[in-house]
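Below you'll find a set of structures to go through.
Two complexes follow with chain A in common, the first pairing it with chain B and the second with chain C.
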Partner chain A sequence: MKRWWWVIPAGAVAALLLVVLYRAFGTDPRAVPFQLKGQTAPDFEMKVINGEGAMTLESLRGRPVVMNFWASWCGPCAIEHPILEWGARSMGHRVQFVGVVFEDTEANARAWLARHGASFPHLLDERGQVAVDFGASGVPETYFISADGTIVDKHVGPISQMDLVHRVDQLTGG
Partner chain B sequence: MSLGHLGYALVLVGVAAATFGAVVGLVGGLRRRPATLRWALGATYAFAGAMLAANLVMEVGLLTDDFSIRYVAQVGSIQTPTVYKIVSLWSALEGSILFWGLVLGGYLAAFAWLHRKEDPLYMSVALGVMLSVATFFAFLIAGPANPFEVLPNPPSNGPGPNPLLQNHVLMIVHPPMLYLGYVGMTVPFGVALAGLIKGEIRTSWMGPLRRWTLTAWIFLTIGIVLGGWWAYAVLGWGGYWAWDPVENASFLPWLTATAFIHSTMVQERKRMLKLWTLSLALASFVLTILGTFMTRSGVFNSVHSFTQSDIGPTFLVFIGILLVACISLLAFRGPLLVAEDHIKAPLSRETSILVNNLVFAALTFVVLVGTLHPLIAESLFDKRVSVGAPYFNRLTLPFWVAMLFLMGVGPMLPWGRADGSRFRNQFLVPAGAALLTVGVCVAFGLRGGYALSVFGLAAFVTVITLRELVLPVRARMRDKQESFFKALSGSASRSQRRFGGYIVHLGIVLIAVAVAASSAFVSHTTATLRVGESFELQGHQMTFEGLVRGQEPHREYVAARLQLTPRGGDGQRLLAPRMNYYESSTDPVGTPAVHDTVREDLYVSLLAFDGKSQIASFNAWTFPLVSWIWWSLPILAFGTLIAVWPVRRRKPGKAGTKADGEGGKPEVAPADAPSPTAEQGAA
Partner chain C sequence: MHAALITLHLITGLTLGQYAPQRLAGEPLPAEQEARVQALASGLRCAVCQGVAISDSPSSMARAQLERVRELVAEGKSDDEVIDYFVARYGEWVLLEPEVSGVNLLVWAGPLVLVLLGMVVIARQVKGDENAPDEQLPDGAAQPADGPSEADADLARYLEAVRKETDQ
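Coming up: the complex of A and B.
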């Protein structure tokens, strides 16, 4: 019997290990708590690259905003772009779509827009300050801002058509 | 029939062969039917053949851009350079599991071939166990991780492999080396489990068991070091080891395998620690599977877990089966493996190895607990915690220092019982060398307790190891009037294990010194510069000359031109840290510029830039001695090669443990005159 004493603790440790690993499924280790959720969106003033002058967030008060960070060097942004284009055309009367160019040059961004289409204003985040203010960590990332300027949610990575419709419905209460 | 269907058919052949062989091997071996070994051998070769063919089919698919195969559509692209097309076999989950199958097939076939003339019953059980493992992996390839699924509407092009994998040539070598290390643990596992199942492990098996483990060990070592090198050369955060869960996953089996290699000596010499030694072989394998689970299940946050998937549950079931099988076999059959001797003196080789094993076991425990702690905290206490490098550094450092000390003391001690006064005499010179080293370091202004103790102990170990290597050579030169080289090769072949082992020790000392120096005496600075401005680090002057854009087939890049005037002023050169942009990636991947010398590396990465105003930000480090880590690889590989090289058959009467060192200390000679076939059975 003397040789057996270790079996029970060893079995217990093994069982604990399996339980812990089993319970780890379904949790996303990368999920970062989104600090700005529910807060007032930081204001900005950025140059419009497919239009005239500059745009501020303040000037959009009263309309919900869908704000998409993208870059010309970002492959998934190109995949996502048609969905946003479609969204701006079909839901543009309910929400304002805004593109923000992230870590990119104006010339590259213009050329890219000429290829992929630009149905909504695209703004140049020259020093990356707006991306920092919003806590955007990469592209594409899409923020949903309510009519009173509160950040309701964000979507990381290319957004699907269904997701976009769902979020816009949430924003407009429709 | 498309390529995808052909590949899948081959995988099914593999499943059938592995299942058949596992059943036949286990049943035949346990029912004492020696004739069934033939079938188990055949099944092993069939499994290996099917895996080889399936991998070739996948390679053809990758090279011909056959996007009708799901895996090719997932990782392939027309623009990918050919060499990266070949290696994209292991750039994502499904392909790497398929590649795992190939490596497993190779190991099993080699084992079967080399040991085919061994005791048929034992071989049948061992092959049965290994083929059970093969069944699991073949099932994984056929089901949850099937790479050959045929797409009804194939895309015209794919995204290409993960950019991190395309960024450096080391990525071509690092994963296969790790797989060779991981998968290689299957063989010792099979041999050890067969020993438990049969309730006996013949001493003649200990040689092959050790050699197979050493083979896996050296691949694992190379894989781990190359992984560090890759991280250093690609990721641009200025480090080579971050205690990331997946790094730890490869480190855990390395620790137990290293402990195993040492404890087999005690088992062979003293017929002790049998159960412990076998447990280490089992643990090494279970930890490789746990490591693979960590990498592939997506439950850990890590730079490596880019291939998340739903194979996690399948792996978990396998881990459960393994744990139950190992623990119950150790409990029921373990008592049959009784020690035939016991430790007689506290000052002896066996005691030092026992302490070494305890240190390794404690380290394994510390690293395992640290790695799993975030999961434990979340699942049991619903808290999110992260365990970072400080925990691991603080807790493991004392063990490393202890290990270095043992690496010096162990080889000095004889088996059985040491003579205290002799030991003290032998101790004096190395201890003096250690003190001298520390004194010189202090005189040159170096401070820091751990780093200095590592340097001192490194001198201590080096002196002892060189003495242990040289003394037998000198004795031969004196007694047999041989030339130095003849005496050296004679001494090396006379006791390969000892000789090879000590060379490996020297390589480890090199790593220890490099790690201590590069982490304790690192310097770092950041700079944001306009064109023409410069900054300085540790006497190295760097001037920013502007940004360059460029294009390569699979990526675009922006490089910063930095004119470097190294410390001392001569040998100006251009550094070009850069950012690479891949079609498929949302984030740029940097490539740091490294100016490496024996003394230190100057390491610069491009942090951010603005093309319009030509402003760039840099991170720069100097790491003293860091490249010694990579240079230890040839030494480690050379030492291991000597240790595993098949021993020449000795004529009867010549084998034995004749004293061959000064003072009559016995060599670690082939202790138990293994059977000739077992001796040939080195990998």
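Coming up: the complex of A and C.
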């Protein structure tokens, strides 16, 4: 019995390693943590590139917001855009759709919108600071903000039509 | 074939403008503040890269993050406040070097504990080998007498038999 005293600490270390491995295997090491879930969305003021003047998040308070970060150089954004256009046309009375142009020039973004359509406001995040404020990790990325300004959820990558409907339903309780 | 496809993909992408436009970096701050910016940026992970600091990555996301560090330093924020800003948005994942506290202590102390445990096991194993003859004998058993063992006697008898066979 005396010879086996070290089995207990060795077993404890092995169990600890197994727990760490089990937890690590359940997560995607490339996934960026979503820390702002449930917190108040950072306010912003950005130029509207397909309209007049500037828009703030504060001005949208009282309406749920679907905020999509995109860029004209982003291939998946072009795939996703028709779904957002459809969403804005069919669900625009329930939520406010907003596009945010990330790391792009105004001229490129305007030309891209002229080709792909723009049925909701698109804002220019000139230096990418709003994206960093939201903890974004690239484009496309879509944030779902409740009427009281709380970040409820986010979707990384191009969103599907079903996913969009489901999340808007969650946002509006409908 | 793969090389040709990759080349075609790159040429198509560049032709269609599928790349982030180059943008001038923000104005560097005075030397002392810029040194702080670079030191902080070298410890923060780029959000779209794998284990690359925002000071080393050419990606558009890293440029935006670096600009944020520069703005926060220019606003007079302390190093801790800048780090807290990024941790609040990206979690501890954003730190290239995890903080030495809480569960993170396992990362730092774990290997040391394992090495120490291994040394203890090896030391006991070596000590066990040295004492092996004593430990293998049951209590009260007699020590073997000096001289040839039973096995040696068997071998001698066998060799003798072989010798007789070959002599005949």
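Throughout what follows, the second predicted complex is superposed on the first by the 145 of 174 C-alpha atoms of A that agree within 3 Å, B and C clash if a C-alpha of one lies under 4 Å from a C-alpha of the other, contacts with A are read in each partner's own complex, and residues count from 1 in each chain.
The definition used in the following text is that a residue touches a chain if its C-beta (ideal position, glycine included) is under 8 Å from a C-beta of that chain, and two chains touch if they have at least 3 such contacts.
Given the structure is predicted, the values throughout are model-derived calculations rather than measurements.
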item: First, second, both or neither for A:G53, with chain B first and chain C second; value: neither
item: Contacts of A:G62 with chain B and chain C, given as first, second, both or neither; value: neither
item: Chain B versus chain C as contact partner of A:Q129, first or second or both or neither; value: second
item: Partner chain(s) touched by A:G75 [first = chain B, second = chain C, both, neither]; value: both
item: First (chain B), second (chain C), both or neither touched by A:A10; value: both
item: Partner chain in contact with A:Y22 - chain B first, chain C second, else both or neither; value: first
item: Touched partner set for A:Q35, first chain B, second chain C, both or neither; value: second
item: Which of chain B and chain C A:P140 touches, first, second, both or neither; value: first
item: First (chain B), second (chain C), both or neither touched by A:G173; value: neither
item: Residues of chain A contacting chain B in one complex and chain C in the other; value: 3, 10, 20, 30, 73-75, 103, 105, 127-128, 138
item: Of all residues in chain A, those that touch chain B in their complex; value: 3-4, 7, 10-11, 14, 17-25, 27, 29-30, 73-77, 103, 105-106, 127-128, 138-140, 157
item: Chain B residues within the chain A interface of the complex; value: 159, 293, 297-301, 312-313, 316, 319-320, 323-324, 327, 330-331, 334-335, 372, 374-376, 378-380, 556, 581-588, 608, 610-612
item: Of all residues in chain A, those that touch chain C in their complex; value: 3, 6, 9-10, 13, 16, 20, 30, 32-33, 35-36, 71-75, 102-105, 108, 127-129, 131-138
item: Touching residues (chain side chain C, partner chain A) in the complex; value: 13, 17-21, 23, 26, 47-48, 50, 60-61, 63-65, 67-68, 71, 87-91, 93, 106, 113-114, 117, 120-121, 124, 128
